[in-house]
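A quick write-up on the structure given underneath.
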Amino acid sequence: MDAVAKGDSPLEMYRALVGIGVVCGLLIVSVFQGTKPIIEANKAAALERAIFQVLPAAKQSKTFAATDDGFKLLEGPATGPLVFGGYAEDGSLVGLAIPAAGMGYADTIRILYGYSFEAHAIVGMVVLESKETPGLGDKIASDPGFQANFEALDVSLSADGSAPVHAVAAVKHGTKSNPWQLDSITGATISSKAVAAMLRESTTTWIPKVEKHKADFMNPGGAK
Amino acid sequence: MNEEPLWTIFLNASLVNNFVLAYFLGICPFLGVSGKLATASRMGGAVTFVMVVSSLCAYGIHAVLMAIDAPYLQLISYIAVIASTVQLVEMFIKKVSPTLFKALGIFLPLITTNCAILGLALFQTNKGYNLIQSVVYAVGAGLGFTLALVLMAGIRENLALAKLPDVVKGTAVALMVAGILSVGFMGFAGLGG
Amino acid sequence: MVSVAKTLQLRTSPHVTSGASVDLIMRHVVWALVPTALFGVYAFGLTAAVTLSAALASCLLAEWLLCKWSEQPSTLSDWSVAVTGLLYGLTLPPGLPVWMTMLGGFIAVGLGKHLFGGLGYNPFNPALVGRAVMQAAFPVGMTTWHAAFGSGRFSSVPSSLFTFPFAAPEYTDALTSATPLAAWKFEHNLAAASDLVMGFTTGSTGETSAVLILLGGAYLAARKMMNWRIPLSIFVTVAVLTFALHLASPEAYPTAPFMLLSGGLMLGAVFMATDMVASPMTTLGVVIYGALIGVLTVTIRLWGGMPEGVMYAILLANAVAPHIDRLVRPTVYGTSGRKA
Amino acid sequence: MSATLEGPTTTDEFIKGLWKENPVFVQVLGMCPTLAVTNSAINALAMGLATMVVLVMSNAVISLLRKFIPKQVRIASYILIIASFVTAVEYVIQAVSLDLHKALGAFISLIVVNCVILGRAEAFASKNDLVKSLADGAGMGLGFTFALFLLGAVREVLGSGSLFGVAVLPASFQPWVIMILPSGGFFTLGSWLLFFNYLSKRKARKAALATAEVAS
Amino acid sequence: MRLFSKKTFAHGVHPPEAKEATAGLAIRRFPFPPSLTIPLSQHIGKPAVPVVREGEEVIRGQLLAEPDGFMSVAMHAPASGIVRRIGLMPSASGKMVPGIYLEPFPGSSQEVPDGAGVDLESATADEIIAGIQAAGIVGLGGAAFPTHVKLKIPEGKRCETLIINGVECEPFLTTDHRVMLEQSDDIFMGIRYLMKLTQAAKCFIGIEANKPDAAQHLQDKLPADLQAEVEVAVLPVKYPQGAEKMLITALTGHEVPSGGLPIEVGAVVVNVATTAEIGRLLPVGQGIQERVITVTGPAVKKKGNYRILIGTPLRFILDEVGVEDDIARVFMGGPMMGPAVSSLDIPVVKGTSGVTAFTLREGGDTPPKEYPCIRCAYCVDACPIFLNPSQLGLLAKNGEFATMAEEHHLMDCFECGSCSFVCPSHIPLVQHFRVAKAAVRKAKAS
């Protein structure tokens, strides 16, 4: 009955809660501060890995934020859609890594794809996040046959530069006959189509824009 | 930023990625309160209500935390606010419907530590939903939870009259039924895509 | 003098019965399935025969073993497991490795039936539980279809059939073919209605011939061993929904006959949804139940990720059935309050 | 039998969580992480260990502070303490491996609402001294980890043919995809429970037989 | 005459009728047995109180026992003879019940002296009711409910329709059928008493379509003074149309409220044989001594409709008609509702409309194998009062009697046996319900 008697005093309750709160706050903040640089480094490294994966020739990367009139090198926290420039060792532009997302079989799929100005094509794709059926839908990340689609997926723009001539589309496995088609994975047609759909949507929005403001990426230092 | 249409969010939360059957959130009440249909539907209602309230809370807290740049306080503040909200709900129910309070009994305090509630708050933050999206998400998740709970209760009420093998009684059979329901809910995969 | 007192039997009234019995009903369901099964064997050849036999054998074996293990008298004689086995076999794609077929048979009977106390207590149709678990476990195997009426189907079987137990089957693409539903969903090819009626299409062993399934169903309905309101309600719902959608957008949605005749709808509606144990009991109840299956089937097929949804629709409706029974109770005589 | 008179020792407190009062298999607590992250052994183990760390730390702190925390606000205090440790653990995991953090997802945060932890705080740590509370936390945590591992191992072996990412079955093995799906979680835990039920039933029956023999 | 009306009640079953063996056989007098055992309670309600002593000589028709209050009827001597003993005797329920052992005089003429009759013209309603009670008349259809009790119209109620129940839906039995063919004058006399008593505006004689000769006969014989009010109504054949509630619904379309009496919907139902007895006994002031009983079934050799003394033991009856060697089961009444008897020392009583005997060939050596309920819903479609016997059966097996009564209307079940009849799993549903109802009543009483 000791505890009850103690608890009757509001002062003790406040003292206890505040005391615990202070200790806990200290704990959290110190852990947060302690791990922050490591986590950020981890995240940056992971992102860079993904960028280099979709732009095989790239050796460095820069982050750009989309604005109404082009692209700006990102400084500080992200405010709008981001694209990532990939550069060769000598600093020449290799291409862009553009994120895309869309509803898959189970949940949202997030991908990053690489666009080459030179080839007017998608030259790589990695899956950043997916909850697709393991062993089936999640093959979009690993299936070599499917990944081969992204060696050179044609998204060249029409003459007026408003949209790709041919929309990216998934076709039944083994029937790919054009460079803008995606050869689906057997048994994972939904996930394949989902990737095609998000690429179609993303390229229609972004490719005309990045082509128009290609210069923004050429000399990122100059943009400063 | 997330531009998912509302109906996709709703279908996703309630059916495609049902909180109980796909995310395993709220399994404790799912197994604990699904014996009787009447209790189950009330519990479902209570959870749905708490979810909507928590969703609103979480949206507000998140905005504040972003403003003061203190993401590390997310978990603590979510838990604290949700717990006190549930406390309020509990008092409210006690006052409005003593019978309902009696029926739910020990389970109301359990909602505080119900992972479905906290999970909802965390997921909506991770997905970057805006206010309306968050509420739709909460309603969908709550209804999905209720649906799973009520379906389970219907089956368990019937099984109460069956002659189950000895080894199967209790949680084991409930889990097996949940597994089959989960397989059934796979049929909803891709909806809203 | 009557000397009968000592042999007089004491039973409770009524002393006459209608003659119906569980084993009789189950036996007739099996008979009603025979034409469909035979057509499956005709269409897919030896493969189908092996698949059906394996399904049947595994279900019978599972029933026998589980009875023995739980020290209950064997229930093989009530024929219900034969129905489960045959139905389960008919829903499988011919060419599914035998080991998978048999594993699913054990799951159907073990998980779908005996776990809940055996005949009469299963909340879900056991055959569908088996199939649904197989579909989730081996999605590729369960959606690899072999073309019907291949030449040499009576002399050879695809190598996948006899895959070593637990090993992954290897398929040669030349042999496989798309089901009408998949063809529509992914390539927008509509199969001819006449082919669908007769069963000259690809699909599960027993789902292809609409006419034979309906024949079996009609026989059972005539013998009152199946509630015809369930399939009728499903058909009407699917037809009305699809008709309206097709009218609204012929490009996006297939025709009603196609939806009715393709895939497992016929087999599911006539033989699976009508599982007495897992369906509601009242007339209004079964109509609601059928409508629910119809709506779910159309929803999953047209807007979901999968080409076929009958199986999921029935399983989900099975789960809803207890609620339908609770909500739709007939008004007991003398309680409606109407007097005049 | 004299030990029972003296009350359970520290060792007893440790052992009970492993088997006799296993939080998952016996008490059926903490279901949501149990099912959600056990689709591979490594995830299961990581989750189990993370939970154990939080459990041990919070048990320790709560045991130390048990005289200091007034009764009315004890649950709030416990949750505060647990939430802090969970937040800390989450950042640590993120620093150690982003991939692991991604795989476990929001379920690390959800350790907060794992009934096992609050349950031990309320039922044990708030009434016992530091050493016993540590032993209890470690025992329960290990028991939890062990249960998660059993689930994760079965699901990974059958679902992917591997264990801790290393192939343990021949390459020709056909994975059972369902095992890594949500339904597989339900089925696997259900099967383990069936198995343990069967064992205890058999034990009970043998005991009954033995007594019957003694009696006759 | 309403021939082949479509009117009937909902649900119900069609058991084999099996009436052809005896339907054409005229009623014959059955020999007097060497001894009679007459239970004091042959009706629902309080047992009658004996007014004779052991060793007393009685003449046929003499009062043996008088009613104990309103819910009770008199009992008269079925034959002239000597009261041997007043004590316990076996009954169909298996329990020992109080009764009178009477040994008829072998040489007696067995004349029945007339008593003080009830004059149709001058009698008041209460006098007719008293007369019926004094005559010991109960529902001869099988229920054995004291007839005068249901004829006593409660204050504030009005009887619109008098229904004479000639349905006889129970298989095998042809008692009412023969009474209608042979006792039409008694029936019409009874109707006159009943119409006067109830003040009903309308009277139906309900007959199922499988007895067209009886319907035609009554129609032809319908006296001029009754033609305006009385209508012979032919109904489709369906079991259990003879049940009071079902017949009211079939003829009037009204449903008797749950737990209520037919008078709540302005109807009174009287069995046709009961009506005939009223018409026969009331004018001459006699009491019931005998009744028409169909003795039938595959095990009976000389099947027929016999006028048998109340109190005649089954053993004597079966001896007289002769039975097959493999006789296995004997029921008091028909096979749908008639209880099986365990002993042949049980006598026929006022409510016994038939004695049916089965051999081993019907239903086999052992009861049919019981399967688990497969929820086929046959019983749901059969139950005439729209219960869910399947669910009730499952609840009964789990001992959930209270739930059965509170949520599933168990107490509305009148044990017609339709559910058991159709059940493919051969679950003795009716028996479960009898046990459950008894348990519920016991729980309520305590």
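Going by the order they are written in, the chains are A, B, C, D and E; count residues from 1 in each one.
As a working rule, contacts are C-beta pairs under 8 Å (C-beta built on N, C-alpha and C of every residue); 3 or more make two chains touch, one makes a residue touch a chain.
These figures come from a predicted structure and were not determined experimentally.
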For this session: Quickly list, by label, the chains bordering both subunit B and subunit C.
Result: A, D, E
Seminar exercise, completed: Ordered by label, the neighbours common to subunit A and subunit E are B, C
Exercise. What pair of chains has the most C-beta pairs in contact?
Worked result: C-E
Exercise. By CA centroid distance, what chain is farthest from subunit C?
Worked result: E
Problem set entry | Chain closest to the assembly centre - both centres taken as Cα means | C
Seminar exercise, completed: Computed over C-alpha atoms, the centroid farthest from that of subunit D is that of chain E
Seminar exercise, completed: Per the C-alpha means, the centres of subunit A and subunit C lie apart by a whole-Å value of 45
Exercise. Roughly how many whole angstrom separate the Cα centroids of subunit A and subunit B?
Worked result: 30
For this session: Could you please state the distance in Å, as a whole number, between where the Cα atoms of subunit B are centred and where those of subunit D are centred?
Result: 22
For this session: Could you put a whole-Å number on the gap between the CA centroids of subunit B and subunit E?
Result: 60
Problem set entry | Junction residues of subunit D - those touching two or more other chains | 76, 80, 83-84, 87, 91, 175, 177-178, 181, 183-184, 187
Exercise. Residue numbers in subunit C touching 2 or more other chains?
Worked result: 111, 117-118, 120-121, 133, 136, 139, 305-306
Exercise. For subunit B, which residues are shared contacts with two or more other chains?
Worked result: 22, 72, 76, 163, 168, 173, 176, 180, 183, 186, 189-190, 192-193
Seminar exercise, completed: So the touching chain pairs work out to A-B, A-C, A-D, B-C, B-D, B-E, C-D, C-E
For this session: Using the touch rule from the top, collect the residues of subunit C that touch subunit B in their complex.
Result: 70, 111-112, 114-118, 120-121, 123-124, 129, 132-133, 136, 296, 299-300, 303-306, 309, 311-313, 315-316, 319-323, 326
Exercise. Quick one: in the complex, what on subunit A touches subunit D?
Worked result: 3-4, 6-7, 9, 12-13, 16-17, 19-21, 23-25, 27-28, 31-32, 34-36, 38-39, 42-43, 46, 129, 133-136
For this session: Could you please specify the touching residues of subunit D with respect to subunit C in the complex?
Result: 170, 172-179, 181, 183-184, 187
Problem set entry | subunit C partner contacts - residues on subunit A that touch it in the complex | 105, 133, 135-136, 172, 174, 186-187, 189-190, 193
Seminar exercise, completed: subunit E residues touching subunit C in their complex are 13, 15-16, 171, 245, 249, 254-260, 264-265, 315, 318-319, 323, 327-331, 335-344, 356, 358, 362-363, 367-369, 371-378, 380-381, 384-388, 390-391, 409, 412, 417, 420-426, 428, 430-431, 434
